[in-house]
Amino acid sequence: MPALKVQIGSLELRNPLMAASGTCGYGVEIANVVDLSTIGAIVTKGLYMSARDGAEVPRIVETPAGLLNAIGLQGVGIRAFVDKVLPQLRAHDTKVIVNVCGETVDEYAEVSRIASEADGVHGLEVNISCPNVKTGGIAFGTDPVMTHDVVSAVRRATRLPVIPKLSPNVTDITVFARACEDAGADAISCVNTFLGLAIDVESRKPRLAFGTGGLSGPAIRPLAVRMTWQAARAVKIPIIGIGGIASASDALEFFIAGARAVQVGTLNFSRPNIYSDIEAGLIEYLTRHKLADINDLVGTIQYPR
Amino acid sequence: MPPAADRVCRMVKRESLGGSYSLLTFESPEVSKAQAGQFAMIQPAVHADLTLRRPFSIMDTDPAAGRFSIFLKAIGPGSRAVADLREGESARVLGPLGHGFTPPAADERAFLVGGGYGVAPFALFSRSLNRDRVNSRLFYGGRSAAELPLVEELEKRGMAVTLSTDDGTRGEKGRVTAPLTAALDAEQGKARLYACGPEPMMHAVARIALERKIPCEVSLDPWMGCGLGTCLGCVVKIQEPGESKPKNRPACTEGPVFDSTRVIWGRH
Amino acid sequence: MPALKVQIGSLELRNPLMAASGTCGYGVEIANVVDLSTIGAIVTKGLYMSARDGAEVPRIVETPAGLLNAIGLQGVGIRAFVDKVLPQLRAHDTKVIVNVCGETVDEYAEVSRIASEADGVHGLEVNISCPNVKTGGIAFGTDPVMTHDVVSAVRRATRLPVIPKLSPNVTDITVFARACEDAGADAISCVNTFLGLAIDVESRKPRLAFGTGGLSGPAIRPLAVRMTWQAARAVKIPIIGIGGIASASDALEFFIAGARAVQVGTLNFSRPNIYSDIEAGLIEYLTRHKLADINDLVGTIQYPR
Amino acid sequence: MPPAADRVCRMVKRESLGGSYSLLTFESPEVSKAQAGQFAMIQPAVHADLTLRRPFSIMDTDPAAGRFSIFLKAIGPGSRAVADLREGESARVLGPLGHGFTPPAADERAFLVGGGYGVAPFALFSRSLNRDRVNSRLFYGGRSAAELPLVEELEKRGMAVTLSTDDGTRGEKGRVTAPLTAALDAEQGKARLYACGPEPMMHAVARIALERKIPCEVSLDPWMGCGLGTCLGCVVKIQEPGESKPKNRPACTEGPVFDSTRVIWGRH
């Protein structure tokens, strides 16, 4: 039986499969239909200091092989999460990573500090790449200096693994991957959604109330695999591959490109139980290719020179 | 509420009700325990080239046989994909989901108001009402006779149905609210209202309930992406008593049925 | 009957529909199955000074709602095009735009000069955004200074409309749109393909012989519409919207976002006769919305503030 | 070559030949004029969720009825989508495309070598050969009897067929090249070779032709995206007499049939 354990900084995951932020709520929402122990770690919906009501509807629209969303980071806020949600989550056998948001560098640090003091939080994913908020978010993730500032601040505020989540809306992802590594990140999540716009031609209004949104789903997979491959060659810390994963074969592309773990996002909405299918597919593949450990597959792409 | 499950289920029976309407029956022990007003997220198991499933109300159930059926109006790719399922083919079914209707008190009379596919949940609701010997009547309205495809199915179930059409091609001519108010005027005892259909209709019924101080529940149908409370795509504006201002709440988990006085209308 | 004529610099097009570079050969290839007069203009496959044999196969692979390609700019070279191909093209009732490539700024200028002297070339699209060549291409299109240099050089070399074609693989497309406008461009093509990577998990090799490739097709449409919208607000010169157009409704999204004309690329492969369908759809829409001229629709998006 | 056309055509007849093989007949006046070795690019007209069409050889034509048929092996999404067409449904058909086989001279004998779906074009080819009274024989090889699904169809057309299978479950045991070389040894007059099938088979036949200085044509099947010469996805390495080195040439327009001596093998 091939080994699926992977190490993300000081955090060990039973398997390299995570539920992506904003696509599994706080974990508890899906616990009655999904066995959370089939998921290596769940990443919470983005959390600020205070609760947010998010954007107006429509917030999600389908596009070819994809999903465009502008939720606007509706959430309960870090304190309510720690007090009300975390106790329920502790009952489940999975790791919990908090997706940290902020409108200022200080807010990122403060959210991180509170999350770190709580019992049952195992890592921090730093969301510097949300395209659907008016302040912060993607602004931090598309400027290497700001990226470095935010990640350094979070680094100082916690002992937990720090995992900045990169925006794909940049010319050269390796610049941002290095900025994160320099700032003391333990791993990198690659990637968040692509900034997109869909228009209702009858009303001539954007199909999303917010206007633009973030594109996710199978449509973006080739772009996310490319960025994972570039980032993995640029830094030594582990890369978590994200983007359009809908099958074990999709996940394998990311591992071969250099990802140490992967996250499933959009597919949680239509296939909440996809994790057991992917795990079975990984085991079948590793066995057939005589690989004893998923870690032996990471970054083994044979790229033509 | 009965626990939800995510399963691949066989579609065993398909009846066309003319136009874009059809009745589909699925095998699912879990969903067959659904309560009136609950729904399921459904997509074909193969060639599901759409990113999301689509939500459909549970129209009726057969717990003994472990089956449930939906009343479907094909309006776009997602509903058409489900409508095009051939008998014996499978679909991914997630359900039963959401909060259904609150049963009326023993001394209350239930007035159900339905239109379009929104009449679907009342078939299942009428079963429990009959079981509890609650006196009920359904007011079923549509643009024209062709827009009342479920009448026979409902009457089969022994429901008392009052029909109305905007063009008078069947039942009373005019809006469904006319026969409803008339019946409410005639009503001596306590009444309770339940509405499911186009938003303007539900809003009108909510206003009537407010004027007459009658308790009223409405079943909203915002865009839904997951049915689990995770995508936050289905939020509706709800004013809770204690709270300072209305908040965005996921209709899939806190609804789709809401107390009409809590709903902030015209925002979805 | 609503008017469909549009003006791109000094170039007037019968309708605002063009066949995108690299997806219609030199026009002559499709002339026997497509009535070229249904296409406002055809843009040639990219042309260098000399002929090129291109990349090894596989050169194209399908991805969800998309196509990943690395052709490597196989082509006959500008002189052979002018001498052998152009005479055949002149027989057809459409406008011809040459897609100008170069490994150096001088080569861009030289190809432009030769194309401009030829009879039957109506415009130059400057390809500074091809992701599938080892030198030049995208390197020019992801650096605003280089972009300005190349476009200026082409500007000096020709009196024909100069239409730089932007790469979407940048953080801020408006920076490049302005660089092109400053350099004297008459219009902007928006956009070329997105850099992607697809991996064959069995061999662990990229599915394309070249390695990475350019992603096109419906999958990228929301991203291309967003960039078209951004570019149109940043400059005064006309924008030509490109990316995933597969229907009249798709084309309308680009016009409403701010495009003066559009190009169809990938869909030429599966739907070579899509132009008459799109034109019919545009006329139906304009009539229904009581618009006398397609130009009245351009940029009429009602964006929430 | 007859002019190509891009049309929506009805699929009128579907015969399963067992396993993943089937015969499909389409209505298309244009393609019904195809010459042996030509092909068409096909995808279903609705729900074509694949970006590209797929190429299929014209197996046979009925110019009078304006119909043509293809012999299809479903191996992936694109071929399966075409194979799943129901009678009466429509497909987008672009064709006839490419350069077919060069007819042999009056004094030549035609040796056809086919395997897998590559045997398809020889059904149509044999018609013209019979018409021109050319003496011909088809050598049809496969891994096992199950891999020779077209035998009956071919014999129906009065073709002289020599069968062989790697496992000996039908015809001669071993590679198709064994009976071929035997026949060539026995042959007194002039011969001409035509091969279509798996590349190793075609390469082997090309070698035999080279040794014996027999003219030989092969029909290559690279990945094809458009069939028009525009995507340049289908290029094969061809060494033209005049030219200094082999060049990438689109197989869809300059082929799929090539003089075997011009083909640089093992590059596709």
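Think of it as A, B, C and D in the order they're written, each chain with its own count starting at 1.
The rule we apply is simple: contacts are C-beta pairs under 8 Å (C-beta built on N, C-alpha and C of every residue); 3 or more make two chains touch, one makes a residue touch a chain.
Computed from a predicted structure; not experimentally measured.
K.L.:
Minimal path length between chain B and chain C through chains that touch?
P.N.:
2
K.L.:
Which chains make contact with chain B and with chain D at once?
P.N.:
none
K.L.:
If you average the CA atoms of chain A and of chain C, how far apart do the two points sit, in angstrom?
P.N.:
34
K.L.:
Go ahead and note the Å separation of the Cα centroids belonging to chain A and chain D.
P.N.:
About 49 Å separates the centre of chain A from that of chain D.
K.L.:
Report, in whole Å, the distance between the mean C-alpha point of chain A and the mean C-alpha point of chain B.
P.N.:
Chain A and chain B have C-alpha centres separated by 36 Å.
K.L.:
Going through chain D residue by residue, note those that touch at least 2 other chains and give them in order.
P.N.:
Within chain D, the residues that touch at least two other chains are 49.
K.L.:
Where in chain C do residues touch two or more other chains at once?
P.N.:
Chain C, residues with two or more chain partners: 65-66, 217-218.
K.L.:
For chain B, which residues count as touching chain A in their complex?
P.N.:
So the residues of chain B touching chain A come out as 3-6, 43, 48-53, 92, 94, 222-223, 225-226, 228-236, 247-248, 253, 267-268.
K.L.:
Looking at the complex, which residues from chain A come into contact with chain C?
P.N.:
63-66, 68, 142, 169-172, 194-199, 201, 203-206, 209-213, 215, 217-223, 225-226, 229, 244, 249, 252-253, 256-257, 285, 300-304
K.L.:
Inside the complex, what are the residues of chain A that reach chain B?
P.N.:
22-25, 29-30, 32-34, 45, 53-54, 56-60, 62-63, 65-67, 69, 71, 74, 217-218, 266, 268-273
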